[in-house]
Each structure stands twice: as structure tokens, then as C-alpha cells.
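Shared chain: chain A. Partners: chain B in the first complex, chain C in the second.
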Partner chain A sequence: MAPAEQYGYAVARLRAMSGRLLEEALLQRILESEDLDSALKVLSETVYSSWLMELKGSGEFDRAIEAELLHVYGEVQKFVPDTALVQLCRLPYDFHNVKVLMKSALLVREGGERRFDLLTSLGNVPVDDLIMALESEDFRLLPFGLHQLVPHCFSVWEQSKDILEVEKLLDGGLFSAMRKLGAATGIEAASMWIRGKIDAENVRNLLRMKRMDMETGAVAGFLHDGGLISREKLLSLFSEPVESWSKILSFADVSKAFSHVQEINNLNSLVVEMEKVLDEYVADIVERAKYLAFGPENVISYLWKKEMEAKNLRIALVSVSNDTDRTLARGLFRHVG
Partner chain B sequence: MARLNVNPNRMELSRLKKRLVVAKRGHKLLKDKQDALIKAFLERAREGKVLREELESELAECYKSFLLARAQTLPAMLEQALMISGAKCDLHVGMQNVMSVLVPVYSVEQGGSPVNYGLATSLGSLDVALERFAALIPRLIALAAKEKAINLMAVEIEKTRRRVNALEHVLIPGFVETIRYITMKLDEQERSTLSRLMKIKEIVRSH
Partner chain C sequence: MDLLGIALAILGAAMAAGWAGAGSAIGVGIAGESGAGVMTEDPGKFGLVLLLQALPGTQGIYGLLIAFFAILKVGLLGGGAEISVNVWQGLAIFFACLPIAVGGYFSAIAQGKTSAACIQMIAKRPEETGKAVILPAMVETYAVLSLLMSIILLNGIKL
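And now, the complex of A and B:
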């Protein structure tokens, strides 16, 4: 971990950048726009304007959101003393890219086609390097434990032909890599954030599996170690009714999330609502960073808020472009703070 | 009405009379078939309309759930989750005879789970949407069968209606007209022969 004093400049820059995060009022204006063109016109008053100019059509707004996110990651990486904090936030995109390439390779074997168009440059590992490694089957230089995980996943596929098993391994690998990266930084707040994120992911997965009425034996494979709540506790939770989960988990912070949901009886809407509530819970873990002038957790806090901003923006623009119920979209907005 | 181009003789007359009887019987049968087809068609059309309306509202719900998933994640991540499907859908096609119209009967067997992706890089709303779509597939296929049957029956009704009309307004009146013409012609010939014979008889008597 870099000395705390070095974070003075980074935190100041992040505070300035936080001021440019989209306000709720602007999102409401976008949401109330008549059509996509007028929504993009409102958006062009913000930092997204430079990316919007590069679009070929209004339907490509996702590219602008991705470009802004990439720009922010790049900027923050330049001045943050511990770049591992940025890597931590970009890690899910690396694993997404690996999944795309693995699935492409499996599809090609069965006469399908490669889907390189689904790769994103938001990850830590350059897309070209990943393609090269997976196409030449030379995994040695892959970081974040992927050099062992990818060949293992291929052998699991050869044996079982079950893509879900491969996905479970990769998801497990993602959280394991996050834990290792967090521990390597030596920043307590980063480790706590990762543990909280794993808890949120486990609760979200449990809820999804409960809704799917999955067999108890199959549940363990979807849970991840390293959270504040043990895997055993989570497994015992699965057989209990959802209504009692918040009571059983009252010892953990994640139980607070249940107090924000309204329709606990309808699992379909509960799953959707919990996605939002758990995202906000993950943001709250590092929320105390706003009182710290030298806290490294400011980096995670800002980047997570930027991710939530991108999500909110996507919700608003998708809602406008498809002319769906605006109240529904409003209910999905994450509180960015 | 157009008369048929035939020689006015007794043989032709008897042949035409036979054809007229057959045409009238055929007309009645086709008319009955048309009525029955229309009845079955209307029944199916009503059922099809109700089913389509139900499915359209359910489909809208499915798309709404899918849109929720689409709105909350990177489109590439959503597509990545759906790259390899775990669900299997076997469709069997049979045929059913409805008033001599062969309509398809589809039966579908679903296997596997539509949820075949990692949970870390996907959303719960996607699970909800996929399950809704999967539950809708058998009914969508039933609607497809119903609408195909309606389509085939409509074509058959149109064909039958043309045949009935052709018999009713062209063939049968044509036969009737021709029969009347031949009958008149034969009567005329008979009268002419009779008067010729009387004339000959009168000439013979005067000598």
C-alpha cells in the first residue's frame, strides 16, 4: 500500500471528478424526454458530449457510455498511487472477455462463429493479448490466476460438456482474484469492500436460486468464499423462507438491504429489486470515504459510483428508446450519492 | 346464360340430363362442405384471436423483463450470457384432417434449463425473462398451429366457394339452358316431321 499522504492529490482529483457525476435531476430530464434524440441532446450537456459526437446513430448510446467509463478508468489509473484498486474494479470485465473467448472457441469447434464483437476494452488485460493467448492456447502470461483457470475450464468442458460448470469456475476465479488483489494492496477498506461485495453476490445468487427452486445440493457451487457470512450459514439460509432471511442475517450488514425492499412475497420482483438494493449496499461499504481526505477507499467509492452512473444512464436511455413505463425505470435508478 | 356447343340430339340430351343431376348433387355437397368449413373456421378464428391477445400481453411482459435485464447491464455481457444455450426444444409435426383440409398439429418437448450462464456476470431479471419466454414457447407454437390451420381453412373455403359459385352460376344454368335448347330443337324437328307427313298424306290422297 502506498503511504496515505500520497492519496491527498488523488482524493482531491477524485472529489473534483465526483462533481461531474450525473445528477439525479439530469437523469430525470433524460427519462422524461420524448424520444432518444432529445434524451441524447440532454446528455450532450454533460461530460458524455465528446463521446456522443463520435456515434454513427442514436441507437449506439452504449458505446458512448462504455467510452466514458474507459476514459475514467484510464484517467484514474494515471494518478492513483495503488493502481491495483482500479484493476480491482475492472476485473469483472476481464472475466467477461475470457468467457466470450472461451465460449467462442467452444462454438467454433461445433461449427459456430467467433464473437469478438462482444469483447470489451474495459478490462485490465488488452483484448488483443487475450485473443492471442486463447487462440494460440498459450495461457502462461495471463494474469489474475487465469493462466491456471482457463486450461482447467477447457478440461472441465471436455469432460462434462457443461458450460454452467465452466461459468461457475470462472465466477469463482473472479472473486478469488479479487480477494487476492485486495489482499495484495494491503488496504483494509479494499478487503472489506470485496468481502461485502461477495456477501451481496452470495445473497443475490441465493435469492435467484430460491426463485428457480434449485435443488439444495446444487446451491453450494454458486456461492463464493471470502465474504463476511460463511458459506455454511448461507447454505442453511436456503431452506428457510425468504421472509426470515433478514432476521437470520441480522448479525451481518447485508441484512440492512432487506429493509429497503417492499414486495418480499413476490420473488420475481424481489430479485429485480434486490439487484438495486445490493448495488447500493456495496456502495455504502465505502461511503465513509467521503469523510477521509487521504483514504484509498475514495478510489473504489468513486469508481463504483461511476459504474452506477453508467447503469442509471443505460436504464434511462433504454427506457426512452423503447418507450417503456418511466416509473419502472425510475425505480431502478441506483442512488449514486 | 351461355349455352354449350353440342349437337341437339336425344343422346346428348340424356347425357346432359345425367350431368345436370351430378352437378346438382355436387353443388349440394360442396355447399354443405362450405358451411361446415365456415363454422369450423369461425370457431378456430375466435379461439385464435383470444389466444393471440393473451399471448401478446404475456409477450409484452416477457419483453419488459428482458428490457429490465438489458437496461442494467452491458449489452455485450447480456449476449455473452446467452451465447451457449442449455435449453432444448424438440418440435414434432403431425397432421389432422379437418373437412378434407390437412392442418398441422405441433407438439413440443422442452428439456434443459434456459438459465445456462454464470450468475456473477448476469442479472436476476434475465432469469425471470428467460423463464417467462420458455414457459410461453408451447403456447406460441400452439398459436402457430392454430393460425396455420385458420390460414389453410381460409384457402379451402375460398376454393370451395369458387367451385360452388361455378356450379351454381355457370355449369348448372348452362346445362339447363342447353337441355331446354335441345328439347325445343327436338320438339321443333318432331313438329316439322309431323307437318311434312301430313302434307305428303294429303298429296297422296288427292291423286
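And now, the complex of A and C:
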């Protein structure tokens, strides 16, 4: 961990950058647009304008969102004393790319087509390097434990032909890599943020499995170690009604997330609503950064807010593009500010 | 003329100027780093940033002022020491210089940190500039108190 004094420049710059995060008023204007073109016109008043100019068609708005995120990650990585914090935030994209490439490789074996269009350049490892490693089956140089995990996943697939099993392994690998990277930074806030993320993911998985009415025995494999709530405690939740989860988890901060949920009786809307409140729970973990002028947690806090901004923008633009219920979309906006 | 007395007085003056100046340099540096961060994204805030960055610089000036008083007192400023200063008087001048040396050093660093935080504040909320100036100015109070005490003590020494 770099000395706190070195964060003076970085935190000041991040504060100035956070002033340009898209506010709810602008998202409302996007939502109120008649069509996608008008929505993109509103968006062109923001920092996204330079990326929007490069688009071939309005339907490619996701490329503009990705380009802005990539630009921000690149810039922040240049001036932050602990670059591992940026790596930490980009790590899920590496594992996403590995998932896409593995599924592509498995699809090709079954006679299907590669889906390289689903790859993202937001990861730490260049996409070309990942493609090269997976195509040539030379995994030795892959970082973040992927050099062991990827061949293991392939062998699991060979034995079980169960893609869900492979996904579980990769998700477990992601959180394990995040924990290692977080611990290596020596920044406690980073470790707490990762633990909170694991809790959020576990609760999210539990709710999804509850909705799918899965058997209790199958649930354990979908829960990840390393969160603030033990796996055993989470497993004991599964047999209980969702209404009582908040009480059972009252010792943990994640229980606060349930207090924001209104539709607790309808599992379908609960799962959607919980996606939002769990994202905000993760943001709250590093929220105290705003009181720290030299705190490294400001880096995570800003990057997470930028991710939430991208999510909000996708929700708004998809809603306008598909002409879906705007009120529903409005309710899904994450707090960025 | 007691050379040790003069030497002690000079040591006091050097410490007042040196430590307070060092504190100011650190404080201005801390605030400057934050200022550079904000101006990278928003160069239009130069005026406000400069004002806040300059605030921790005052301790260095206070230290220099006390150093001048001290060497004036022993008659060194004219080029030669004509006033007789014994060891006890030299020691008294040395101690009189300490409040601004110590107070200046620590208050300048603290003020630099406060200024840096306030620069960050105006990066996000430019409308709060007035408050942003008041907060580091509060730290200045203690540098002024140190300066005042050094002046009173120096004036109280009879040569």
C-alpha cells in the first residue's frame, strides 16, 4: 500500500472526475426521450459525446458506454499510486472474457460458432492474449490463477459436460483472485469491499435459486467463501421464508439491503429489486471514502460509481430503445453522486 | 561579548525560519498536489486552488519575521554584533523562537492537509468556496498564536 500522502493528487482528481458522473436528472431526460436518437442526443451533452461520434448506428450505444469505461479505467490506472485497486475493479471482466472464450471453445467442439463479439476490452488481460492462450491451449502465462483454473475447467467439462459447473468454478476463481489481490494491496477497505461483494453475490444467488425452487443440497456449490457472512449461515437461510432473511441476517450489514425492498412477497420482482439494492450495499461499503481526503478507498468508490453510471445508462437506453415501462426503468437506477 | 549567547540566539532564529519554512513547504506541497489533481480535470479552478494552496505558506513568513526580530535584537542585521548577549540571554532568545518554530511547523502541515481536503471539496462543490477558505483559516489561528507568543517573549528579553 502506498503512503496515504501519495493519494492527495489522485483523490483530488477523482473528486473532480466524479463531478462529471451522470446525475439522475439527465437520466430522467434520457428516459423521457421519444426514441433512441433523441436519447443519444441528450447523452451527447455529456462526456460520452466523443464516443458517440464514433458510432456507426444508434443501436451500438453499448460500445460508447464501454469506450468511456475503458477510457476512465486507463486514466485512473495512470495516476493512482496502487494500480492493483484498478486491477481489482477490472478483474470481473477478465473472468467474463474467459467464460466467453471457454464457452466458444466448447461450442466449436460441438459444431457451433465462436462468439467473440461478446468479449470486452475492459479486462486487465488484453483480449488478443486471452484468445491466443485459449486457442493454442497454452495457459502458462495467464495471470490471476487462470493458468491453473482454465485447464481445470476444461477437464471438468470433459468429465461432466455441465457448463454450470464450469461457471461455478470460474466464479469461485474470480472471488479467490479478488481476495488475493485485495490482500496484497494491504488496504483494508479493499478487502472489506471484496467481502461485501461476495456477500451480495451469495444473497443474489440464494434468491435466484429460491425462485428456481432448487433443492437445498445443490445450493452450497453456488455460494462463495470469503464473505462477511459464513457459508453455513447462508445455507441455513435457504430453508427459511425470504421475509425472515432480514431478521436472521440482522447481525450483518447486508440485512439493511432488505429494508429498502418493497415487493418482498413476489420473488420475481424481489430478485430484480435486490440487484439494485445489493449494488448500492456494495457502494455503501466504500462510501466513507468521501470523508477521507487521502483514502485509497476513494479509487474503488469512484470506479464502482462509474460502473453504476454505465449500468444506469444501459437501463435507460435499453428502456427507450425497446419502449418498455419507463417507471420500471426509473426504479432500477442506482444512486450515483 | 559572549559568543555562546550570540550562537544560541542565532540557533533560535535559524530554527524559527527553518522549521516554520519547512512546515510551510510541506503544507504547500500537500495542497499543491491536490490542486494539480483538480486542475488536471478543471483548469478553470486555478484562482481558487491558488488561494487555498497559498494558505499554509504564511507560517514560513511568520518564522522569517521572528528570525528577523531575533537577529535584530542581538544586533546582527547591521553586519556586526555590537550588543552584548550573555548565555542566559541567548538561551532566552532561543526559547522565545521555539513557539513559532514548533507551532509553525506542525500547523503548516495540518493546514496543508486541510487545504488539500478543501481543494477536493471545491472540485465537487464549487458553490461552497467560502466555507472551503474558512476551514484552513481556522488552523491559521494557532500559527498566529505561536507568532504572538514568540513576539511577546522576544520583547520581554532585556539585553
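As a working rule, the second predicted complex is superposed on the first by the 337 of 337 C-alpha atoms of A that agree within 3 Å, B and C clash if a C-alpha of one lies under 4 Å from a C-alpha of the other, contacts with A are read in each partner's own complex, and residues count from 1 in each chain.
We take it that contacts are C-beta pairs under 8 Å (C-beta built on N, C-alpha and C of every residue); 3 or more make two chains touch, one makes a residue touch a chain.
Please read these numbers as outputs of a predicted model, since none were measured by experiment.
Steric overlap between chain B and chain C is absent once the structures are superposed on chain A; the two fit side by side. Contact with chain C, but none with chain B, is seen for A:Ser18 once the two complexes are overlaid on the shared chain. With both structures placed on the common chain, the touch criterion links A:Glu5 to chain C but leaves chain B unconnected. Judged by the touch definition given at the top, the superposed model places A:Phe222 against chain B, while chain C stays out of reach. In the superposition on chain A, A:Tyr281 makes contact with neither chain B nor chain C. Contact with chain B, but none with chain C, is seen for A:Lys99 once the two complexes are overlaid on the shared chain. By the touch criterion defined above, A:Phe144 lies against neither chain B nor chain C after alignment on the C-alpha atoms of chain A.
Once the two complexes are laid over each other on the shared chain, residue contacts for A:Val271 go to chain B alone; chain C is not touched. Using the contact criterion defined above for the overlaid structures, shared-chain residue A:Trp193 touches neither chain B nor chain C, since it reaches no partner. Touched residues of chain A were counted for both chain B and chain C, and B has more of them. Of all Cα pairs spanning chain B and chain C in the superposition, the closest are 28 Å apart.
In the three-chain superposition model, chain A touches chain B and chain C at no common residue.
The touching residues of chain A, counted against chain C in their complex, run 5, 8-20, 79, 293-294. Considering their complex, residues 30, 33-38, 40-42, 113, 116-117, 119-121, 123-124 of chain C touch chain A. Looking at the complex, you find that chain B touches chain A at residues 64-65, 67-68, 70-77, 79-80, 83-84, 86, 115-121, 123-125, 127-128, 131.
Here chain A touches chain B in the complex through residues 62, 66, 92, 95-96, 99-100, 103-104, 106-107, 115, 117-120, 163-164, 167-168, 170-171, 174-175, 201, 204-205, 207-208, 211-212, 222, 268, 271-272, 274-275, 311, 314-315, 318-319, 322, 324-325, 328-329, 332, going by the rule given at the top.
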